[in-house]
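In the two complexes that follow, chain A is the common piece, with chain B as its partner first and chain C second.
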Partner chain A sequence: MAIPAYYVTVGIVTGIYIILALSLNIITGFAGQPNLGHAAFFGIGAYTLAILTTQFGMSFWLALLAAAVASGAVGSILGLISLRVREDFLAITTIGINFVVVSIFLYHPFFGQAFGIGGIPAPSLFGVAFGRTGFLALVAAAVLLVVWVSRRIEGSWFGLALESLREDEAAAEAAGIDTRRFKVIAFTLGTALAGLAGGIYASFMTFISPGDFTFPLSITILCMAVVGGLGTIRGPVAGAVILSLAPEIFRFVMDYRLLVYGGLLVLMMRVQPTGLLGRDSVLVRRWQRLIAHRRRPLSAS
Partner chain B sequence: MLEVRDLHVAYGEVRVLHGVSLTVQRGELVAVIGANGAGKTTMMKSILGLVTPDAGDIRWNGQSLMRVPPWARAAAGIGYVPEGRRVFPGLTVEQNLRMGAYPVRNPREVQAGIDEVYALFPRLAERRRQRAGTLSGGEQQMLAIGRALMNRPRLLLIDEVSMGLMPIMVQRAFDIVKSLHEQGMTILLVEQNARQALAVADRGYVLELGRIVLAGTAAQLQSDPRVQAAYLGGGSGGFHDGRPRA
Partner chain C sequence: MPLLETRGLCKQFGGLQAVKDVNLRVEAGEIVGIIGPNGAGKSTLFNTICGVYRPSSGEIWFAGRPIHGLRPNRIARLGIGRTFQASRPFQQLSLEANVLSAYGARFHGGWRAMWGRAFTPQHRERARALLELVGLAEHAQTEARHLSLGLQRRLEIARALALEPRLLMLDEPAAGISHEEGQQLMALIRKLRDKGTTVLLIEHNMQMVMNLCDRIEVLNYGVQIAAGTPGDIARHPDVIEAYLGKEVAGA
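Right, the complex of A and B next:
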């Protein structure tokens, strides 16, 4: 008994959003660096895979690796920029990068201009091409990889260094942390994972065009991470699931998506800045209290 | 151990330090006293590398630090307790301490360091899982000192240890500084509270409008009439009769 194709597709798209939200979370959540152009790196990954597979006949797997590397390479440049440009100005720079990258896709013949790139092959394993279910498994594996990477970061010195960088850069430097290196690493890693998502997306869609990677998508990704809870792992996952399923259920919202997401961002910042499942959020505190209540009678007896 | 020579610092057009020189010998507790805006914090930040001086030299055990980035200075053994406490508010007490040990990173040494800090400040042990931003001012100051100690510094720079603390905690903070010194720590203390600072220091410097105007042992400074008038609450005026220097 197969799962209906519709649900598989929704699952794949949700999974890709989870990867995007978690990869942005490494940059914005852990390291505290603004990035309003994450969709650009998603796009660089997608275009890298599309071009390498359609024009150079490269295998999907190799091209997927190249997608992550290409995206991470451009991301490391953004990381270097972040050493000189800070906070609000960095945010504006990242928006600029998003527009520049989309413009290059749109105006350079090599990238197929407005027509985009079609006929992107599906991956195959042992000579068998992936169907929808295969893609779902691939996305699930990629999500697990990104969650694993995030967890490894969270418990490590690297993660602690990123968090101190987010909290107070000068104090972090005085505590012996080479903040420049960690900024660049955070940008490189986060954008490489976005590139990975882009590669999978391109192959799944079989056709991509510049419009898939525009600034509104960057806001959507940021919104997912913020609504769920920046700086945690559960937060961006939950945010991605909620915000990618919501338009499926409320189709009519689609036309006003940006309005809704923008409003949501403002609302979250006002009432619940740590996100629904972020540290010390209302839901998390309730849950902890609930658990504490359950435990008390046991320990008392 | 630390030698600052003819240090000039400006923020854009505004010149803050006009040739500051001072030394700190191993095992000493040196206090730099001065009013708000005298350039105390700027001097500290220059030693840490957070501010780039225009001229002058900073030497650490004979080596110039001018081209050494701040994190490498921390790794070389310069610990810093920032002004206004500046703990990482979103991290727990224990995470803050771990962060201080970043240049060490050896798990056993880090744990040993954490245990030592908890032995020094039992209050921090009680609050180990609490977010630093929710601690009281005195507790945050303990945490800031503990965090700096985690790296086992050879020189501890302490910026305004008494700033924004309740009077009772001010005394406690200076007691902590004094006991660290008695255990052999070399300390450079920058302080507005001249009375308390000179009470614990071996030597002192008076920084006024970006210049060292007086230097001597703590006892000499305490008995200097100009210091008494300007910083120890005996009348008004300073070294320049209250008039700003040209």
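Right, the complex of A and C next:
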């Protein structure tokens, strides 16, 4: 195919960010639980796949599944912790988890320490190894999967239970909702999908190191979801696209990433807490008004 | 066998005995009122029955089984619907979603069922019927935060009713609502009772309690000081004293 390699790479990276933003959205958007350490789960997925494929000769596909399971398993532990601590402490706990996970990658020989892990194989299907375009297709499929999961959640009893517990835990309990169970499920599902993204990322990069999964990435992911609009599906997707393309266009952003994203988070909370495309946001209301204006003459005739 | 029974129920907050050795019996089909001065422990009694607080000691039996120690969601799904003194609807959800959340928890909460679609025409019809009952059907798509306090209280009742509870516990449902709304509320409570729902009611509005309740329990400093029919309670010297103070009672 004739798409230049650069665009394919940008497409893959953007797709991975979309998965990360949408998976965080299940935890933070739907269920309203703070998670400032999502990159850790991305990392657990990446390292799981890297180790299983390079050291145990496992096939990519099986290792990818294991990446999601390993990440989701650690995520469920975080979910259990979330039942014991207050919301503000939970935020700090998630930051802590990010640092702990990165330190383990960095200091334990099994994880290759600062050198990371290299030589991670590309997936192959019917004996043909994936090239760049193959990866783009794989990422696109994974994005579709995560969008599908999010949509399934959105209109389901499960999604309604998450939204209820986000709104008011005590009231949700009084309404018969097992808030503990649903919180743990949300953490497990969201982190498992981040692990899936990590597996794909590791294979695409062929080389990973602890620095790929640090706290600033967690903030970046959160920023994408918040800027776009937590609790919706279009919001995190748009946020991920905007914020992953921005550094491509404005190179300088990269150098001040944490500063820019941190500032952006604060700004969004001040002026547009529901996100650019969230419920009730200025843009969405404008759009709805526009649609309404267009429809009127039609319905009048 | 009473529908709800507490045996020697106590709840302590640090050094404060908020509920002290309360023995409550509520028979199926009754409307029972709980009255008492501010801080008497009425809401604490409610919260202990509903599992928000663990009893310091004592037992709670509902429909022939012990429920002390169970989590609130479990107790709710066993058939106790409740409202809060400071009403707590899900502010950013539509009225329909508010009601369906409880309905789903009760009837579609299983591992497989929870992935089912919530807003099907059939389920929305159920939500509409519940909202209709409390006079909110026309606002089904409105977000709860746009409702007045009085309407939020009604929404909470609809949400509790979505559990199809055998026992409905209302914590000061008439507080802060108009006289007319109060009359509607009384009609609603009677209607629910006639359909077979048992009602336990905390209320400061004496006119309402006296008119509505079959029996009244009086709490003061966490202790049951009197129980009986509205007529008994109105004449009970301890009650008059608790409410009006010693001098008036002695005069």
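Following the convention adopted for this analysis, the second predicted complex is superposed on the first by the 300 of 301 C-alpha atoms of A that agree within 3 Å, B and C clash if a C-alpha of one lies under 4 Å from a C-alpha of the other, contacts with A are read in each partner's own complex, and residues count from 1 in each chain.
Everything that follows uses one rule, which is that contacts are C-beta pairs under 8 Å (C-beta built on N, C-alpha and C of every residue); 3 or more make two chains touch, one makes a residue touch a chain.
Please read these numbers as outputs of a predicted model, since none were measured by experiment.
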Chain A as common anchor, with chain B and chain C clashing or fitting: clash
Which superposed partner A:R152 touches (first chain B, second chain C, both, neither): second
Which superposed partner A:A174 touches (first chain B, second chain C, both, neither): both
Which of chain B and chain C A:E163 touches, first, second, both or neither: both
Which superposed partner A:A68 touches (first chain B, second chain C, both, neither): neither
First (chain B), second (chain C), both or neither touched by A:V237: neither
Contact residues common to both interfaces of chain A (with chain B and with chain C): 157, 160-161, 163-164, 167-168, 170-180, 279
Parts of chain A lying in touch with chain C, wherever the complex brings them together: 152, 155-161, 163-164, 167-168, 170-180, 279
Touching residues on chain B, where the partner in the complex is chain A: 48-50, 69-72, 74-75, 80, 82, 86-91, 95, 98-100, 102-103, 105, 131, 147, 151
Residues on chain C engaged by chain A in the complex (per definition of touch): 50-52, 71-74, 76-77, 81-82, 84, 88-93, 97, 100-102, 104-106, 108-109, 113-119, 159-160, 162-163
Interfacial residue positions of chain A with respect to chain B in the complex: 157, 160-161, 163-164, 166-168, 170-180, 231, 279-280
